[in-house]
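Just below sit the structures, each encoded as structure tokens.
Look for subunit A in each of the two complexes below; its partner is subunit B in the first and subunit C in the second.
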Partner chain A sequence: MDVPDCIGKLIKAMMEVDRAGASVLMDHALAEGMSPELFMSDVLDPALLAVGKSWGEQKVSLAQAFVGAKIAEDVLLRCLPKGEVPPTALRKGIVVIGNIEDDFHSLGRRMIIPFLQASNWEVHDLGNDVTAETFVDKALQVGASIVAASAMMQTTALNIRKLRDLIDGRGLARRLKLAVGGAVFNWRPELVAEVGGDGTAGNAGAVDALLSRLLFQAGEGKSP
Partner chain B sequence: MTGTTTWLTCGVLEAELSELLRRGEIRGDLLVLDSKLHMVPPHLEKVLSSALERRPQGKGGRVVLVYGDCCPRMLDIARTFHVGRVDATNCAQLLLGKDRYRELMREEAFFLLPEWAARWKEIFHIELGLGREVARDLMRDNRGSLVYLDTGLVPIPRSTLDDCAEYTGLPLKVEAVGLDRLQGCLLEAETAAETVEGGYLS
Partner chain C sequence: MNSLERVMNSIKGLPVDRVPVFAVLCAYGAKLTNCDLHALFSDADAYVAGQVAVQDAFGFDAVIGTFDFSALAEAFGGEVAWHADQCPTMKRPAAQDALSALRLALPDPRTTKRLPTILAALRHLVEIYGGEVPVFAVIPGPGILPTMMMGLEAWMDAVLFDQETALRVLERSGRFFVSWAKALLGTGITGLVVAEGMATENVLPRSIFAEFFLPHIRAMFELVDGPMIFHHSGGSINHIADLLPGLHGLLGVVVGSKDDLTEARRLIGPDLLLAGNLDNLGFPTATAGQIREGSLQCLRIAAQGGHFILSHSAADIPLATPPANLLAMIEASAGYARGDGPAR
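Up next, the complex of A and B:
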């Protein structure tokens, strides 16, 4: 099985909500001698990019997006033992992620984490209902250059403003960038500026590019 | 309070508002929109705006939106049309109160209200395209329990809830909520609507 064939089959499994089929596909690829690293970089990455693009174009159902993320997670678990962070040489950067205070809609956040890990980001997930102070304290503790705050609704999105104010108030704006995301930002992009976000991504496939850009703006990483 | 109150409400709470009207705990008219609009928030926004635009002028009184933060511009809609809105992010919080809602959400509750409980198959299968296996994976990854909010107006639909719990793989809990908190929120919103500049439709 060559790489393009493998990519096509993995995309098909994701679109057909066939998690078991994706697992069998990976078994075959590894049995035929493909390394786990190659499967991640040359098969999983392009497949996620394709599915992420369809997601952005709203051609993907909730079930397809969710299973796509689960397949990515399955691949990562087999290629990268649970809890292990990417080797420093490969790591793009460190990001602290969570749903902002009062927001409990975790699905989108949880779905992008495997995408980020597959793209060699070290991710610290704080969960739901996270205060501005917790975000910033954790970022400083782990040396993150980016905090990513998720919100589903207009009222909870406005709580991100507290995070913006705290980052600015502590004089961290140059080295700690604020990514924002969640359904409400897709529906009304002007809210990104209103809450003081440094950028957003409309879908999981676009998050890697957003974070790479923000990392560069924070004075780290390569020019995207 | 002068003039009539129009409660523009999501169908998920139609029975509860009707009961409060019947008891005389609130006064006014109900204008009900399909609860399934919740599935496509931008569409809900259009339908809601359209309902407010169509409302006859010159009738007097006030409008209170009985909606949480269910579409991208809900707060703006309330401001634009100078109408009141209940102070809650969603219908579960409206029934539970903010503190209990937060407690249950921290336990990763997935709420079912009586009107939605009867439609759960339609929502999961048709609206979300979730087959049993994917539904179980998704719900167990993201939620800790299924919590039915019992408003006391209909018998608890045990069999339906058991089916839903089995389908999603989540343990079922029943929380008795009654109508007191809802009533309090409605009356607060009605009072606040009086003070909204231009809050009266004249």
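Up next, the complex of A and C:
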């Protein structure tokens, strides 16, 4: 099974919400000699990018994107045992992620984590209802250059402003960038500026590029 | 012709003086009565006062009960997030997964949390408007109801990866769906609006809806045995609209703002009521002229064959919407009847 064939079949499994089929596909690929690292970088990554792009264009349903993320989790679990972070040489950067204070809509956040891990980001997930202080303290503790705050609704998205103010108030604006995301930012892109976000991504596949850009702006990483 | 006659004639495909116009303005009632939203959604009298104010101000052709599903999440044991400028939402579900959801006690419509308040408000609205303006209650569809017990993520997980447990959850949540629907209908309302989130293209592909959810929805509609309007709940539903005709008690379908009205009519057939489909999120920033033109466009596309109600997509119209934008919908319907084409 060559790589393009494998990518096509993995995308098909994601679109047909066939988690078991994706597992069988990976078994075959590994049995035929493909390394887990190659499967992650050359098969999973482009497949996730394709599904993420379609999701952003509203060409796939939440269920298909959800299964895509689960398949990514399955692959990562086999290639990268749980809790293990990417080797430093491969790691792009460290990001702290969570739903902002009062926001409990975790699905979108949880779906992009496998995308980020597959792209070699070290992700620290703080869960739902995260205060600005917790975001910043955790970022400083783990040495993150980016905090990523998610919100589904406009009312909770406005709480991200507190995070912006805290980052600025502590004089961290140059080295700690604020990524924002969630359904409401897709409907109202002007909200990104309103809450003081440094950027957003319309779909899971675009998050890697966003974070790479923000990492560069924070004085780390390569020019994207 | 009063609103009730106008709506009933539209359902039956009989002539009307103008096309009926619906708008969901639950929270807007609080704005008109200077009531905070916590009180509005917790006190039957406050909710009724809000809807009376809405009706006095705009004269829409239906009065709508609370489009607030947080009350159901709360009744199952979940937490509610209260907001200053929008309807309350579920903060945290009672169960973390499908197996835990199976252990939740089913709410009693007469006694649990805010459920009796919702029923009391509807009874009062029926007393006020019965015979003149139809009163509808909104209920989450049988497929999406389990999210009130465990949230969307856990429910999606069960539906996609553990259908045996998901079916057990549907059997259990279905018992509540029927009892709640019957309690709502027991207040004397005109009918139910069933907002089925699992029907939207943005959530599920057609195949899963058709194979997993439709049989359950069909069974629930038969057990409820009352007049029901199927609501898109926020996304697009044209991809499954052809599957809906024949549901027991189905009066019509409300489609999303991105659904093509011509296609929707073709899919549901000529005899079911079709309602839609202005984008509710655009209401605060649009001008009254834009709302009027958008309304006329809907009317030109969909009103000529009758069986049509001019409405908007999703749930509550945002509070920031100027009153003139709401009146523009009714003006468009009146204008369409006068000169832009027959209302039939």
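One rule holds in what follows: the second predicted complex is superposed on the first by the 224 of 224 C-alpha atoms of A that agree within 3 Å, B and C clash if a C-alpha of one lies under 4 Å from a C-alpha of the other, contacts with A are read in each partner's own complex, and residues count from 1 in each chain.
As a convention for this text, a contact is a pair of C-beta atoms (placed from the backbone, for glycine too) under 8 Å apart; a residue touches a chain by one contact, two chains touch by 3 or more.
Remember, predicted model here, so these are calculated numbers, not experimental data.
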Return fit or clash for subunit B versus subunit C, each positioned on subunit A through the superposition.
clash
If you stack the two complexes on chain A, which partner ends up touching A:155: first (subunit B), second (subunit C), both, or neither?
both
Give one of first, second, both or neither to describe whether A:173 is in contact with subunit B, with subunit C, with both, or with none.
neither
Touch check for A:30: first (subunit B), second (subunit C), both, or neither?
neither
Between subunit B (first) and subunit C (second), which, if any, makes contact with A:38: first, second, both or neither?
neither
Of the candidate stretches 220-228, 238-246, 274-282 or 292-300, which in subunit C collides with subunit B after aligning the structures?
274-282
Using the superposition on chain A as set up above, list the residues of subunit A that contact both subunit B and subunit C.
17, 19, 61-64, 66-67, 70, 102, 104, 106-107, 110, 153-155, 187
Could you list, by residue number, the parts of subunit A that touch subunit C in their complex?
17, 19, 58, 61-64, 66-67, 70, 102, 104-107, 110, 153-155, 187
Subunit B partner contacts - residues on subunit A that touch it in the complex
17, 19, 61-64, 66-67, 70, 102, 104, 106-107, 110, 128-129, 153-156, 183-184, 187-188
Listed in rising order, the residues of subunit B that touch subunit A in the complex are 41-42, 68-70, 72-76, 89, 102, 105-106, 108, 128-131, 134, 137-138, 141-142
Contact residues on subunit C for subunit A in the complex?
81, 83-86, 89-92, 151-153, 156-157, 159-161, 201-205, 208, 281
